[in-house]
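As structure tokens, here come the structures.
Common to both upcoming complexes is chain A, partnered first by chain B, then by chain C.
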Partner chain A sequence: MIAKKNKKTASAEAGAVSKFALLREGFKDPFFWSKWLVVVAFLLVVLIFGALSPEAFLTTYNLNNILVASAIPAIIVVGQTFTVATAGIDLSVSSIMTFGAVCFGLAFTNGWPLYQCIIFSTLAGMLCGVMNGLIIAKRQINDFIVTLGMLSVAAGGALVLSDGKPRQIIDESLANIAINEFVHIPYLMFIAFGIVAIAHFVLFHTRFGTHLLAVGGDPDAARAMGISIVKIKVVVYSISGSLAGFAAVLTISRIGAAEPAANTSILLNSVAAVVLGGVSLFGGRATIFGPFVATLLLQALSNGLTILGVASYYQYIAVGVVVIVSASLVRTSNK
Partner chain B sequence: MTSAAALAFAAATSPVVNAAPKKLKDIRIAAVVKGLDNPFFIGIKEGIEETALKYGVYANVQAAPGLNDDIGQANKLDSLAGQNYDCYIVIPISSNNLSQAVGKITKKGKTVINIDSPIDAASLKAAGGKVTSFAGTDNFAAGKAGGAHMVKAIGTGKKIALIAGLAGNVTSNARINGFKEGAAGATFVGPENADWDTTKALDKANAMLLANPDIAGFFAANDQMAQGIAKAVKAAGKKIPVYGVDGIADALAEVKAGNITATISQYPYVMGQMGVQACIIAAQGGKVPASTITPYYIIDSTNIDKALTNKSTRGFFPNQLPPGEYKNPYASKIKK
Partner chain C sequence: MTELAIECKDIRKSFGSVEALRGVSISAKAGEVTAIVGDNGAGKSTLIKCISGVYNADSGEIKINGKAVKFNNPEESRSFGIETVYQTLGLIEDLAIWQNLFLNRELTVGIGPARLLDKRKMREKSKDMLKNLDVYIPSVKARTRGLSGGQRQAVAICRAAGWGSKVVIMDEPTAALGVKETAKVEELIKRMKAQGLAILLISHNFDQVLRLADHIWVMRQGSVMSGMRAKDTNGDHLVSLITGAVTGGKSQ
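Now for the complex of A and B:
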């Protein structure tokens, strides 16, 4: 009813009011909310923690901590967003990261120069991704199953290559990436933000991006239009794999070692951030910005709860509740 | 001139550790332990909290989000580093993952006490971090004691099966290698990795017993796996010794029942206690002992009753304190 009334006024007064009507329409558009809900949630989290503990939470030192903590997950989340946008999912990201880290370690201990180690790690990740994409698209096996298999294969590969031993990597220039900052923004975050910006451009301003969303939205229609699903899937998974391989390098810069044990929480966080960021798990609709903010949200939440001294047991519950509540809000607004 | 400048520079940059000695009630301690899905770290948490309560100091104990979440743990320590704590107690998930975070704390002039698993010295140095004191178990020595104990019981030249934790885990390797050295002269089957898990250890032990019916003893790198092995041994109708490491409540009950022969018991509660005591000494401006080895005891049928009397509040580690004397270089240095 309100909509009718709105339409009437809009048509009657035309021009000036149409902008307002557009905004009204925008508010009613479910996608608008799934896009901005996460920003609102993020601001709420910052405000609440800021009010509860202004002297510890809202310091440049601590905001810097949140940015450092968010940078590596943010890069993984970009790759995950691409796979989910094609109605897929990449469960192997954490293992690919481990595999990439071990490859980096091998190259480094063999005395390769740093930039070659970085490329090697990224290529190792890309190789896993290409295999994921090829098997998914060529054999038409569910993304979930293939990447679940790769999760195990890459984790095993990492253990085989490293003989199960962590390799220490002490390199000052590499460690400086994780330690240094420019105008209170850590280098790591600049790298993450660069990747986010490129990903946004690729998804929304290139033909590849349009095709990707088309494949995610309706694969049959996309195929009918002559889009190669195999090509899209392979590229998408190799993007996710390469980013995981590259993120491995940044992980090494933070912890100073190539560890053969997989860190599965990064996988769970990436899926949570993609959903929170308003990307449809059924594919075809995505934003790069939303999952990025969701990553900040998750890290700010964990940081704030730690600062408030909330016992670890309750932190698990708090993070889970935020994920479920936000996801269900996004879901309702999508209807 | 240059030397004077260098001196001034050194004075300005070297961390000023606790310029003014603090009163007990003003001392604030933060601790970041490993994942609390392992009873061992709950034991440490209890040791920290109860000791803090005893001395009247404040302690905030946080844990890594998961047992393998090395970066998540570093993030937690970073979050706490910005706050007004006097001292940080840390247990790194890997030997490197907390080095940078510790470096940041050192630069702020705060004290860091490392317990349980050591932070690697080279990576710590590269990050500019400093650990004031370390209190932890010597896993190699604990394994070695177990090996010697088992050989004494079954005789030399026998076949002993080894079950390890996660592949590549430093603690597991130290215990297994220590055991092998202690049990020198025996032949070994394995080690097979059962990922610290009871069920996996049960399956591995079954397979090992099938392939080698002449196994004369089992050693597992932790108690949960020893429990699985004990079931497999019982099902196979054998009577051979099964040794575990840690001394968790379930394992002690099994030692009492005679299913597990012995557990090389550790005292996480004592580690937590020593961590808090070291923090207090530092905050009071005292001289903190650089490192100490926390005790381990072999608990078998001869001393199980004594071990079971020391009840902890949560009951995961009933033997809060060892059933005998142990060295604590910290306690006497605290000013009341």
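Now for the complex of A and C:
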């Protein structure tokens, strides 16, 4: 390690920095590999399933299915990426989604117009997120514990508000979001992609994004430079909460009902995608693109396994193995 | 007669029942290196944290260029032209050099919520900031993680000096450096001094203090024991002041 560093400085002091040398530096940077690992893995998954069952997997219809299934997780993953980039984690996303869905259902049955229901659900999610952020940053309690508590609180709140019963939501324009597509790309995916693109811009082209990575990378140094850790944490968790509340609306559009039951696989998948996407769990290093591709990968994986006739029980095992293997790959290449 | 760039009067700070600073008064002139020496626990770090806004002093007054200032956090302190190079440097390892140089001072284009970072301008300005350095920096786009100790120190010093600052506080700037890198950093400090900055230097290295400093304040147990011109003292005298073997006149 030390020898490597010395060599680097020596070669650096030797003189001219060509484009080629910069490129070589890039290849040596482990972060470069963790960034592209997920793309390679995604292509591998598509190729393997494509080869195993070309007539079923590589059809427009099926690829479309994968996109529809990826859209909602992709939105949740954006929020999760932000929290992990600040060296935190949001375990409450799936419960906040449920809570948001129930709030949507309440507003809808009270006859609120659709857009108000959507805003209400998003705000409900944001409220949970703001509470997460305030408690984590102001009281300086571990992110893991606070959001674990919120997981239970939001799930309980959803059950209380709904009396444990699902509500049917019949609205044509809402259902159309889930059904319709444009040039074979479902509307849901356009929405998800729009959010992903905005998130990318926020992370890499705004002061907030830089400060977020600074807080995640070294909170003491960030504070010394006058960056408010409380502000960053609160905003990050409220983004995560709002996205969960908004994703709840899209879930309702897909299934036509507001259910008080938590969708726990959303949480597991979001953390899995963030790890697979090469985001450092220690904070400070993140991309939006990586976790997004990882979401597609996870959905392609379970879709492909279903097509091959593998029982869904095994799919849980497959997802878990992929996550652990990829995390250990990234870990070794970082050393 | 050069004017006092910074003047601290009767700064007090307690942590619970522990009195870390018991009425400290020091001053530093523009275009001079002013060293603060003292044993561990003498209150040097607490003092500079009060000056840089990390701590709020319980009482006392800080004047910049003769004008009394008040600040509650590092950002406000920086707005008065006080910059600090911390022992830990305060660089974010995973950010590029230009991002560190502009941290919390990012240049943006556009208005309102659509303000985007002006990356190109920041990179160009970063190159300008680092140009005068005698320390080789591969590229402003490089991550700070890959830099050597001397390069990091150079970047941190550049950041502190490059913002129209008046007072630059340095906490053990060469503690982690080798001989060659130490020499380069000392060269940098002299250059900053020549530019008319007031430099507050905290160092355990008496040879360095005597080499660089124009004025020396000796702290002991939360108080200033003595202040003198560097040319009027030597290493043995400093040691005896620090350990308390000699009590210097509480000169100003």
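One rule holds in what follows: the second predicted complex is superposed on the first by the 317 of 335 C-alpha atoms of A that agree within 3 Å, B and C clash if a C-alpha of one lies under 4 Å from a C-alpha of the other, contacts with A are read in each partner's own complex, and residues count from 1 in each chain.
The rule is simple: a contact is a pair of C-beta atoms (placed from the backbone, for glycine too) under 8 Å apart; a residue touches a chain by one contact, two chains touch by 3 or more.
Keep in mind the model is a prediction, meaning the values are calculated, not measured.
**Student:** After lining up the shared chain so the two structures overlap, which partner does A:S173 touch, if you call chain B first and chain C second: first, second, both or neither?
**Tutor:** neither
**Student:** Looking at A:A257, would you say it contacts chain B, chain C, both, or neither? Reply first, second, both or neither.
**Tutor:** After superposing on A, A:A257 lies in contact with chain B but is clear of chain C.
**Student:** Of chain B and chain C, which one touches more residues of chain A?
**Tutor:** Per-residue touch count on chain A favours B.
**Student:** Please work out whether A:V68 is in contact with chain B alone, chain C alone, both, or neither, and reply first, second, both or neither.
**Tutor:** In the superposition, A:V68 touches chain B alone.
**Student:** In the superposed arrangement, which partner chain does A:R223 touch: chain B (first), chain C (second), both, or neither?
**Tutor:** After superposing on A, A:R223 lies in contact with chain C but is clear of chain B.
**Student:** What is the contact status of A:S162 with respect to chain B (first) and chain C (second): first, second, both, or neither?
**Tutor:** first
**Student:** Would you tell me the residues on chain A in contact with chain B in one complex that are also in contact with chain C in the other?
**Tutor:** The overlap between the chain B and chain C interfaces on chain A is empty, containing no residue.
**Student:** Quick one: which bits of chain B touch chain A in the complex? Just the residue numbers, please.
**Tutor:** Of all residues in chain B, those touching chain A are 36, 60-63, 65-66, 68-72, 74-76, 78-83, 94-97, 99-100, 103, 120, 122-123, 126-127, 166-170.
**Student:** Okay, in this complex, where on chain A does chain C touch?
**Tutor:** 5, 8-9, 12-13, 17, 22, 25, 29, 201, 204-207, 210-211, 213-214, 217-218, 220-227, 280, 284-285
**Student:** Taking the complex as given, what residues does chain C use to touch chain A?
**Tutor:** Residues of chain C touching chain A: 52, 54, 73-75, 78, 84, 86, 88-95, 99, 103-104, 106, 108, 115-117, 119, 136, 138-139, 141-143, 146, 148, 151.
**Student:** If we count contacts the way the header does, which residues on chain A are in touch with chain B in the complex?
**Tutor:** Residue list for chain A touching chain B: 56, 59, 61-62, 65, 68-69, 72, 159, 162-166, 168, 170, 172, 175, 178-179, 251, 254-257, 259-266, 299, 302-303, 306-307, 309, 311-313, 315-316.
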